[in-house]
Amino acid sequence: MFDYLLSASIQWDKVGIVLGLIAGIAVVLAIAILIVTKVCHITEDEKVLKVIEHLAGANCGGCGFSGCEGFAKGLCSGKACLNDCKVTSNEEKAKIAEIAHLEFSAESPTVAVVRCNGGDAAQNKFDYIGNQDCVSEMLFHSGQKVCTTACLGLGSCTKVCPQGAIKVIDKKAVVDPSICTSCGNCIKTCPRVCIERIPATAPVYVACHSHCKGKEVMGQCSNGCIACGLCARNCPQKAIEMVDNLPVIDYTKCTGCKTCVAKCPKHVIKVHGEILSLEKAKEVDKANKKG
Amino acid sequence: MTAFLIIIVAAFINNAVLVQCYGICPFLGVSKKMGNALGMGLAVTLVMAITCLVTFPIYNYVLIPLGIEYLEIIVFIFVIAALVQMLEKVIKKFMPPLYNAMGIYLPLITTNCAVLGVAETVMDTTAMETIFHLAEGSFHVGHAVLYGIFLGLGFTLAICLMAGLREKVDNLEMNKHLKGFTITMATASFMAMAFYVFALVQI
Amino acid sequence: MTVKQFLQSKIFKCIIVLLCIALVSGGLLAILNDLWAVSPEELIQRGIKSVCGDGVNLEKVCDINKDYASTNDGTVQQVLLLDTGDYLVKAQGKHGFQEGNVSCYILFHLEDSVYKVQKVSIADYSSSQTLMSKITDSGLAKFIGLSSEATMKPSEIATGASYSSTAIKNAVNVAIAYMQTMN
Amino acid sequence: MTGQKFKEIAKNGVLVNNPTFRLVLGTCPTLAISSSVFNSLGMGLAVTFILICSNAIISALRKVIPNEVRIPAFILIIATFVTVVRMFLYKYVPALYTSLGVFLPLIVVNCIILGRAESFASKNPVLDSAADGLFTGLGFTLAITLMGLIREVLGAGSILGYKLWDFSIDFFGNTAGAFLVYGLMIAGFNALYEKFENKRKRKNYIEEMQASSLAIQAKENEPASNADVKEA
């Protein structure tokens, strides 16, 4: 091989020039950079740099800051809390916690859920034919529904969900827990504050959040919770408790036996994660109507 | 007269983004808000001006006499990377408000096609002379820097127009998949159509 | 910062690594450039092959007399005498699309003491010619048999690419004008 | 390098994070060069070759290069391979060299190569990086050739230069058409990808719920033994 190299027409002087030129440029640039760094040396906060390394670095802005660097500065100055960042994994967050001496409790993954089962069942005060958007409908006497906490079903939440996990079925929003990443966009947007976060593995959830008494709810919506308390009395684990005319489920005690789902006369307590696709949602609603 | 010609050709007829397709990544990424877009545009213009000032003499008075033009990619990239790093430090030290406005984009510029693109097109003096009807061998560093500056300003013009349009377009009502990149690309397509008219100008 | 500290320090390590990578790549490129160098003769041979197929090779590279070589529409770049007695002229036409330029090979054949165009083919064109795909061989065939100035309108050569066609027409015209001075 | 990891890299490179449609990287050549199939194929294969070599070398040197000088060192290695490709094309495939024109040196600042070098090659062994370079390059080549096909058939009514029919719309030949076609293809690719992704996520979710409900049943049939433990 070596003699081929020699025999081929290689001007070794040219190769020498090339090496010399590159070495010259490299040295000149290196010295220039050194001089500039010496002249413009400013102290950089060490802690911020270390925190940035552990952050996911996606610069998505989900935490409300302009990017990971802004979020890191916020963390070090105490203006931001670690759970705002949804993207970084829990182990990384633990590492950041000890670097920046913050308290951090690894919360289990949560999923959004719509706490309303109204749709057509909820009576209307008037027929709204304006812009098909919940936020704009709220301008007209805070919506057409008699019940002040009912989901208006015009899909402001579907427009902001990056994953497309929330859909409007039969005029009420439903979250698909398998796709939801609990980013909180829908919670911020819903004008009726119908959407809440529950643990991803929660077996059941309460599909109503009206605090009115039974008789009033009967007049407003045929699917609403009439605060009869049957679910609280029949729960074998005593996980459900009636607070201000609404059942509150303590998911640490709940074992998913679903007796409350069977006992509830108005079918307000639903099985979580059952509505996984458009067609399935329709069957579930029909079954509830007959049952 | 040639100066005026260079300005028109660099900013409009051969616009960096909408005609020659250089620097699309920052054009898509940074044009969400007008402030960012202007900061990025000015940073790119500054780097382009200095790049032309440095790379044009290197190519024509160092590489060609030595007969090693093939090295031009390595030398240009080396010079641009070092320039951007030095620029970032100088601006961070002496002009902090300017650094907050456009400093964060400077590391992005090293991998920006527009900067290397302008270095490549400017070094080819024969092509430049045919475009600007200059006599043989009369294309010098001044023309190159002028071309670099106004190519950068053309880039700034395109990215600011896009930022203005995008602030309106992003909250339009459309299918989820069309949001984000697709609608930006459609807006850019209409802007490119508008700039296509400049190509028919006879210089 | 004594020299010993400097040698161990981070900055020195960075410079050394960058320098080594640069030197290795520079050396590799220099050697490869010489191995793969394209000699000027091969360039001409490539030009000839693209116009009149292989089997024809160069007789002599004629020198160009300057005063006829360039008009304000185009310039003659090369004049080659082939062993078949024909002349192959490489000319460059100006005023292409977005002020680019198109250079073509024009083959001249001697017929009753007048040089007539026998074939025209595109050599290379500046990058701004996006519509070059519209120029077809049937368009270029319109020049065959010409021995004087080509007068047809650019749209006859290729519809929709009038700028590139004017550049090609300029190239052919400057070549024809040059060849007229030859005989 | 187990077969499974190889399959995973392959799926990652071409489908999951396809550089052109999913990560939207390397948009400059995709828009400018894809006006004909010959150009797109040439650019795609050139980028693939450079990706494989630079990924391999960068992952071989990843322990030697200090962290501060990472970007200049990577760019230098990539620039070397681009120059090698340019010399090779000038010598053996001059047609491609002229048609790629100024965009051949611009491969150096192509975001795909630097992106893969930084995110993958600087953290994984040589063979994995080379495989990743190969499949990311293939993903890029497929994407740009598909665009080239659409733009050439619509824009110039020909494939690889052979005339199909005389009907041709100039719009797709120039930059404006490139933007539109690229935007629509991103939307199409993401829509398809999301459909399969949701189906896969739903399947995992159902399995997960079944697994957790089985665990609950297991806990139920022996509550008597630890019920008193809970009260204490």
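Just so it is clear, A, B, C and D label the chains in written order, and each chain counts residues from 1 on its own.
Operating definition for what follows: contacts are C-beta pairs under 8 Å (C-beta built on N, C-alpha and C of every residue); 3 or more make two chains touch, one makes a residue touch a chain.
Just so it is clear, the structure is predicted and the values come from calculations on it, not from any experiment.
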{"item": "Core chain by centroid distance, with centroids computed from Cα atoms only", "value": "D"}
{"item": "Chain separated most widely from chain C, comparing mean CA positions", "value": "A"}
{"item": "Rounded Å distance, chain A centre to chain C centre (Cα mean)", "value": "60"}
{"item": "Separation of mean Cα positions, chain D and chain C [Å, integer]", "value": "36"}
{"item": "For chain A paired with chain B, centre-to-centre distance based on mean C-alpha positions, whole Å", "value": "39"}
{"item": "Distance from chain D to chain B - Cα centre to Cα centre, in angstrom", "value": "26"}
{"item": "Chain B residues counted as touching two or more neighbouring chains", "value": "68, 70-71, 74, 78, 82"}
{"item": "Overlap residues in chain D, where contacts from two or more other chains coincide", "value": "72, 76, 79-80, 83, 87, 102, 174, 194"}
{"item": "Set of chain A residues in contact with two or more other chains", "value": "14, 18, 21-22, 25-26, 164"}
{"item": "Parts of chain D lying in touch with chain C, wherever the complex brings them together", "value": "35-36, 61, 64-66, 68-69, 72-73, 76-77, 79-80, 83-84, 87-88, 90-91, 94, 98, 101-102, 152, 156, 158, 161, 163, 168, 170, 173-174"}
{"item": "Chain A residues touching chain D - in the complex, by the definition given at the top", "value": "164, 176-179, 201, 203, 255-257, 273, 276-277"}
{"item": "Complex contacts: residues of chain C adjacent to chain D", "value": "10, 13-14, 17-18, 21-22, 25, 28-29, 32-33, 36, 38, 46, 124-125, 127, 130-131, 133-134, 136, 160"}
{"item": "Residues of chain B that touch chain C when the two form their complex", "value": "9, 13-14, 68, 70-71, 74, 78, 127, 130-131, 199, 202-203"}
{"item": "Residues of chain A that touch chain C when the two form their complex", "value": "5, 8-11, 14-15, 18-19, 21-23, 25-27, 30, 34"}
